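Input: a single structure, listed below in structure tokens.
As written, the chains take the letters A, B, C and D, and residue 1 is the first residue of each chain.
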Amino acid sequence: MKPKLEVEIGNLRLKNPVMTASGTFGYGREYEDFVDLQGLGAIIVKGISLEPRPGNPPPRIVETSCGMLNAIGLENVGLKRFVEEKMVVLRRYRTSVIVNILGDTIEDYCHLCEQLSDVDGVSAIEVNISCPNVKKGGVAFGTDAKMVNEVTGAVREKTDLPLIIKLSPNVTDITLMARAAEEGGADAVSLINTLLGLAIDVKTRKPKLANVVGGLSGPAIKPVALRMVWQTANAVSVPVIGIGGIGSTRDAIEFLLAGASAIQIGTANFINPAVTGEIVAGIHDYLRDNDIKSVSELVGAVILPEG
Amino acid sequence: MNQFLTKAQIIENVEVGPKILRLTFEAEEIAEIAKSGQFVMLKTATESSDDPILRRPFSIHRVDGKRVSILYKVVGRGTTILAKQQDEIDLVGPLGNGFFFPAEGSLAIVGGGLGIAPLLFVAQQALRQGYKEKDIQILLGARTSAEFPVVDDFRQMGLKIRTATDDGSAGHHGLVTELMDMKGNWTVLTCGPAPMMRAVAKKCEEKNWECQVSLESTMACGMGACLGCAVQGNVKHEYKHVCKDGPVFQASDVCL
Amino acid sequence: MKPKLEVEIGNLRLKNPVMTASGTFGYGREYEDFVDLQGLGAIIVKGISLEPRPGNPPPRIVETSCGMLNAIGLENVGLKRFVEEKMVVLRRYRTSVIVNILGDTIEDYCHLCEQLSDVDGVSAIEVNISCPNVKKGGVAFGTDAKMVNEVTGAVREKTDLPLIIKLSPNVTDITLMARAAEEGGADAVSLINTLLGLAIDVKTRKPKLANVVGGLSGPAIKPVALRMVWQTANAVSVPVIGIGGIGSTRDAIEFLLAGASAIQIGTANFINPAVTGEIVAGIHDYLRDNDIKSVSELVGAVILPEG
Amino acid sequence: MNQFLTKAQIIENVEVGPKILRLTFEAEEIAEIAKSGQFVMLKTATESSDDPILRRPFSIHRVDGKRVSILYKVVGRGTTILAKQQDEIDLVGPLGNGFFFPAEGSLAIVGGGLGIAPLLFVAQQALRQGYKEKDIQILLGARTSAEFPVVDDFRQMGLKIRTATDDGSAGHHGLVTELMDMKGNWTVLTCGPAPMMRAVAKKCEEKNWECQVSLESTMACGMGACLGCAVQGNVKHEYKHVCKDGPVFQASDVCL
């Protein structure tokens, strides 16, 4: 009997729990030659803003031990071109498309949600709240529970699409942020975004990134991400989407066991452009070999020691 | 399909100069469609190790039948490990746009230091596309004679070569740009250190020759997904992506 | 001319900026075959509590990508045996000995400071505030600025020894914790302690650590540690001691450039038991080769882009 | 000095059984002072890679002159990389306490599966210390005959060997403990899977023979600094550290 891979994130049904992490899979097309895009649970596209953004000056990326720092600066084509060009291509793949959005103000987020709600082929919206709130002196929306609640509540009113709030890990207690999002009306939370990091070139004495600091991703952050996913899954009742250093079927299963209803694959796409498809197949085989009927049976199934 | 992910059999991985090696592997699909100026990304981490995590980009140096070669210098972590590989290599390619050959006219191929790497394949392809030897001029610059690893490979193709070294140990004692004194109209294809390419582009502007430059930048994905390989375009705050818009650019389109 | 390696942490003079991170170098003796202990800036010993602690059940450690998780459970011989046995040996090495302390309550920390102040050969005290405060429902002292300030102020009254407060990285803004320590009377802050992480065995479905979660250390965390050190050095005027993933001279220099006055080496001791001595020599050579007269010229010398 | 950090020349690293290899390297200082039951920690990450980060512990399998060997099974990341090493190996050792030989009496060396690894060195050392062949009894258990890689090495030493396999494909069809039927007073030195050692210890208790067990535990430092290698002692909440208090323990001192 074929195991069931379908998962539900709120009222969003996915073929399987494997999605692509925003900013690491372009707008899908880039990976056509390596992955059967139609076989993915969902494609989450590079973060979109109201207006196009040029991004940061180079260097934008630097390798670290088992990870990388990036300071792309949220370069993107902007809402208009995304809808007119990218979505046209994305619709062809007959795969759920989740649009990741970013803004400087709550109003930005609201406009984006409003306008994306009417776009054919958009299955859900993921809100990147790791961006600085320009009206609040640039503190990231995602590091203050009150702001998380406000943003979520505001965008919730603007769209009926499934709403995923993407949480920042650079906080003392991520469960407070998750609850704030849940209370604000989020259908799900996804975590983690990158950890803030720095690297310095000892020859030039300059930071290795033009932007000085950048976001750490890759296998290096997996243990931190898994811990936060586990804590969050135990703190909220909405589905949790696990992200952070996932590069193999085993990694994916770890996140499911920790309580993630689905997972996203980011940096691993750069190491192995076929990895997303391989993990979809790997999860299928794992379920079959351990005769587990549905992937949902794995979610949160970690066995904790007594007492 | 125009990009492939494969584990290729290594034919040879040998030193051809000071810390400079040529790696040749069998990769038929890539050999068939590769254009000069395109590159491949190699995984350097050994199996069951997650570090170094990122693939490393290398220009396609030559294509002979099913065989593809790269020419690389050992400069750090990845290339140190790469220099030890002998059985197989995990790679993605061909990537990037490649050089554009004009319908007719003459080609000046100008290389500096290891910039020579993609240029041998440029010469191979030009000849295969019917360019006459006389219509191709090779100009190579380096710090010293030791740094001309594969010059003979050009000679064996029957091409005119002129060299320049900073220390005068081989060819002209001076800069390679000082050799760009050909008459007539040339399309210049160049690869090398930034200052050298800047000089070449300047010379071309004076002579009003088309100039194509092959750029480098730190890369993560190599296929236009991460937006990490940005370089400054010709207008402020406008960036090009080396792996997708390049690595070959019209000199006038980028800020060298 | 021989470069000057001496550094000052408050009124504590060290031969050089290289120390051993608590819990990774035992009580010093363990490494005598590999390192000239007398050549180290300081030996920071395994965390000491008032009473001996047995520590957590095994497994206590698990390897992760470029890092490791540990849940030793603060096993230690307790104050009495430390003073009567370990200090006797440590005194022989004629190296600064810094005692790392831990407690369940502010009172514990105070008693430890009081009693250690009279112990011959103790050069300074490092306070590990990443421990749970049992009277405050187990929230770590180090994750709340008010508690950080209280602990620091309380121990400050009990000792005239140089006082180093060791900060936890599991916070939204580590500079707030550093300021709270500074205002409380700390002579220096050291950071980072480990990042909280989790790993799950997909075969058994159990956490790989008996304690479920553990502390992540090693090269994997270096970018996060370096960023926090840089932020903190710009926020406080007391010396900052850099810790996190340092395994080479280059790593050490990066931390100095970011603003650390000294550094600690932890997990790297497990990979290369001779690493501390090698880094002392490496820093000397770096200074000589770049003819820099004193290591202090490197501290905070990172060159930031204009604007 | 009684512990060393060295880069040792690899003499051989060959397969001697299913996924079982013997690695022999030259390490004079270690060879001179090593005691049977002690172990070494090998770095498996390749140069200029940070992953896998931790060293891996392996028992000393045999010592011949300046040469030291380990016998290991490929089970994961580190051993997969280790199996490819051919030139040199970065190691720390000798570590741990080692087996204690009684002043007189007879030695029963009882191994299960790869627990055989440290026991060959035990036999070597017993003979070198003047034990007579007749006073040494080797009892080896395995799942099947294929898993007796180095039994001949024991035979070549002229030692009495009795084997047992779960599937009866070699020697006694059953458990190795069923071979512990010797008369008289024996000191039992054992290494193998936990259940097997538990059974051996129980048998010894009945016969009231001394029983020394060699334990494993995940390790970081291997020298008593990290306190990571704890195992449960014989009283609750009392832990022993395998790398320093062990790896050899009196069976009665630990909770098997």
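Keep in mind that, in the parts below, contacts are C-beta pairs under 8 Å (C-beta built on N, C-alpha and C of every residue); 3 or more make two chains touch, one makes a residue touch a chain.
This structure is a prediction, so every number in the text was calculated from the model and none was measured.
Shared contact partners of chain A and chain B, listed by label: C, D. Each chain's centre was taken as the mean of its CA atoms, and the one lying most distant from chain B is D.
Mean C-alpha positions place chain C and chain D at a centre distance of 36 Å.
Mean C-alpha position of chain A lies 47 Å from that of chain D.
Centroids of chain B and chain D (each the mean of its C-alpha atoms) stand 54 Å apart.
Chain A and chain C have Cα centroids separated by 34 Å. Residue numbers of chain C whose C-beta contacts span two or more other chains: 65-67, 218-219. Residue numbers of chain B whose C-beta contacts span two or more other chains: 50-52.
Taken as a graph of touching chains, this assembly is fully connected, with contact between every pair of chains.
Partner chain B is touched in their complex by these residues of chain C: 65-66.
Listed in rising order, the residues of chain A touching chain B in the complex are 23-26, 30-31, 33-34, 46, 54-63, 65-68, 70, 72, 75, 218-219, 247, 267, 269-274. Interface residues of chain D, counted against chain A in their complex, comprise 50-51.
Per the touch definition, chain B reaches chain A in the complex via residues 1-5, 43, 50-55, 92, 217-232, 237-239. Against chain B, the residues of chain D that register as touching in their complex are 45-52, 76-77, 80-81, 84.
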